[in-house]
């Protein structure tokens, strides 16, 4: 599949995830973006309203979505629309044989959990009914390689799972007590559609929690951690006055005694060979800006021995590893490209 | 003491807390600022380099600190210098009979805890040896009124204690398990002295934890909560890309079952008549910017019943309720002014 | 009029100018806010959705505007709505005898200029037809005192006129050559209604010009400067990634030779006794943040002798001196309160 | 010179320009970074304190500068130190035959102008005495290709010259009247060394002019425009509360009549084939954020026909086209690489 260029379409190209996909794919040697659908369709080419896009992409026109046209023009389609709509379109394209990567939450949860947390009708009974694979690349590589339908993980879920999976899978976490995830996100995670809370006048010099006890990434994290008790994960999502970034502080009750060295070995075993995950040595901690603009996840931790808690920090760029970057990483696996193709951009600092 | 104007001095007038004291006291009817000492002494009046200060204050000259001169010119002195220096100067002024409000950590802890957490030599064996009263106004009013030496609380400690005292004192918190305080602060808390980490180039679009497991406000919170086990409070301090503000998310293990109504009653009993503490009704949560520029503390909470955790949020402006504002509140109590004098400024929004 | 409290209404209370009026008037001893109308009317009191407002104001309910109810409940009404609507409502209240301060552009220009620059139908033929007085307080005090209808100046116009009037009226400016005004504004000037360009994701780390050659404050400045040639003022408006603030750099062609001392004398004569205008000595220049949250205007200048240009800088807080603050200043004049009542708040720094 | 990798050294690697050079060169196929000198030398590799750097670069150690060691290890050296020091080191490396790109102002001006504007002793009598070529790539390509010593242009100068050269060289600008350049910069242009004015607490929500009438890029722009009168260019530099970016609003007196089409043709002739310069069609204007993180310059203009002024806007990323990016562009020319090598990164938006 990798000799000729793969014809790629993006549905939701006017949003932040869509723009980030365009930005990444413009520099991907194995891809030709042949189709862009979104809400801001018009007679102007993309580059006129968005002159920050690379010229190669700027001549595209955004169209209203039509499944037949998408199917005609594309081998692979990324769908990044609001939940409810996104998964339905993904299925419409998957049925006639397209490879689809869905960035919404529609294919990540079983119907019952979906309807409780998303408060709308589910698109599928079970994601596996349609062969949807959860696209947390580092932990699901084999399944992803042979999949044709990817449920790309949520941004909070990606940062939380990369931080917690080594600890939970190893049996280090102490069952029966909740893992507390105090999470912070930049505002681009809320999308590009105008909303009062996302205005600079409201958000500059601000910080607050939202959807307390009710964020829809909670059951996604719980299920992917393999925990059955709904109360085993407590996720608090908070809005940072930044554009990009997810920052996770997770507090994991552990069996005492646990040593710093033990934990370091766990993380090294999990991520020692991963191109996009960097684990800090003890005493150093990740910063949001250290991964900005890149597909990296940086992790750090501290053992609070007396309190019986392991604290884990992780950071990602929500539009990259938390959305478009990980989507391309999965795309690369599926299409047989080296996994890092198009993603070896350094973080922008300062 | 309240007929003639109280002659007030500020030591540390070039720093952010000192500037905020000047800003507040310029509008305080009962005060004449007669003395300002700091590191930026010079031939120019304050208003030349800091034209944002009110004219009444702008004609002051910052001097190098001399205890005799301070004692001559002032009835009451606010001392806001780095730990180690601040408390020593406070004592130098307290000994000859001045009333002193110290904004540093030097008079908040016994010698042993101080030296472990501040990693420098303590100024006193026990704060009570010199009659120092911990100036958390809402909880220590009587003692403050008759004090002549105030240990003004730390910014993180103020936000944490106002959030947690009603819960801990009521016996609602479950002993034997740590209270997790995930705290965030704007950068003005780190002072005005140039430092790379405080530069806009480094901090814009950034967020990270610092002094993990080692922040010196931890034992202050633990002691003031009346908890004896050092591991009973786990404080994580994190830097926000904002100028002002402290935001606390506290996770308190509670005996189940605990109802939302029970908790609301606790907070109403504690703060129903307080002019500077506002408790949100269930389902509403505080925002950092809602208290900016004011002496207010806003509190909100959520009961995670299944997980056996009570989550409490609180916000303050670190330079107001977290430093200069609370210092003036204590000053008012001591001098017999109405407690809110000079402090009835509305938050600045947007 | 000043013994009993003046009953005041605000139409447009949900917007930024309306909120700032509420914030100021809550601390105004001579005022009772009796009426608040706006687009976010609801069953909740103002303080529920906007808990940053002072308690005295927070119990108000926002209503849909009805002229009879406004007339019943108020002696004076501030109207801060979009152009077109605002002036019409102002006239509706003015006709039955109310005193009205209109914050829009509807009563500032004659019909022909209005329709060219605002691209909508004018509300009046000439503002003076309805006795509307242009409310640039420092330059129009006498007329304002006896007025019953105020056209409150635009934010850009206020900063530009305070900077330029002393120079132009003195004859120092060289006729026949354009005065270039390179102006910058924080985003709160664009209002609180959600718009993509005002989102933090778009504006953080951004800066750009808008309405190039077409900003509607251009003819307002030109007319108030007493210049007849439409090309005599060239205004460029640019968006800063800040919440508040207007910053003006004006380049005025002058007859050479002109000395720094001459210019200083002009400004001192104009503003030496003004409570809200501060002129910097030569070599010092104003900063946006030095006036934030206050009704102040700071001015500085530099004579480029060789180039034959006088450069003038001025800064205001667009929501204060550029809108609500100046409106209250005018209100005080009309109602016989000391002009500074409610406005003696120091800028918030940092 | 392009078969084996070019051995490259960076002097000033701890500063923002140095970090940006490292970030760019890490992805340059023809380069091996063999040497990094700076003020933060230490036993730790670069990647420990700066974990945002690509791994390939992170294992370097920053050393104190020694000319012999630099000469041994490098074919080409970038020198980005403060003026005075930088040019002297550049000459020390150039004398023994190295190719040197100096990012400071030391080799851009003749001695007399240098000493007036930089207020320190000049390093050279005339830049051409040592064969230094002014590295404004688009306008000096031929000379750069055969140079061994490059005076890389200043950030303000780059943005101003790319905007103004087509207009001035064509004779469109009207002599005898000053070109006014109202310029704005993000704070990273002031470097990474801690300074109070660069702190987030001071700069957030701020904006102001500095070095009014005295910025050292003024004579650089004037000379490169080929104008002999020192008063022909009036540059005002202003600090934006952003990390990156230069924004220029230039006001050029022109002979009337001049049409929009005429001006468009000038720009198209100048930049139609340039990979890094984009000229907006009439009615569209550049935004600072549209070029962030890239080596691009975006230009837009407006003809104020009545006023006899052509207004030109241009934006660059000060660390890219204004420093490290253009330095690599020049390096590519000298070393025979395609000019865009390592520089085809898209702007980061949002």
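First chain written, first letter: the chains are A, B, C and D, and each begins at residue 1.
Quick note on the criterion: a contact is a pair of C-beta atoms (placed from the backbone, for glycine too) under 8 Å apart; a residue touches a chain by one contact, two chains touch by 3 or more.
These numbers come from a predicted model, not from an experiment.
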item	value
Selected pair, greater C-beta contact count between B-C and A-B	A-B
Option in A-B, A-C or B-D whose residue-number contact pairs overlap C-D by over half	A-B
Centre-to-centre distance between chain C and chain A (centres being mean Cα positions), rounded to whole Å	45
Whole-Å gap separating chain B and chain C, where each centre is the average of the chain's CA atoms	36
Chain centre separation in whole Å, for chain B relative to chain A (CA means)	39
Multi-partner residues of chain B (each touching 2 or more other chains)	16, 188, 192, 201, 204-205, 241-244, 286, 289, 292, 350
Chain B residues touching chain D - in the complex, by the definition given at the top	16, 187-188, 192, 194-196, 198-201, 203-205, 241-243
Of chain C, residues touching chain D in the complex	178, 180, 182, 184, 186, 201-202, 204-210, 212-213, 230-231, 234, 236, 238, 240-245, 247, 249, 251, 285-289, 292, 302, 304, 306-309, 311, 313, 350
Touching residues (chain side chain C, partner chain B) in the complex	16, 19, 23, 26-27, 48, 50-54, 188, 192, 204-205, 243-244, 278, 280, 284, 286, 289-293, 298, 344-350
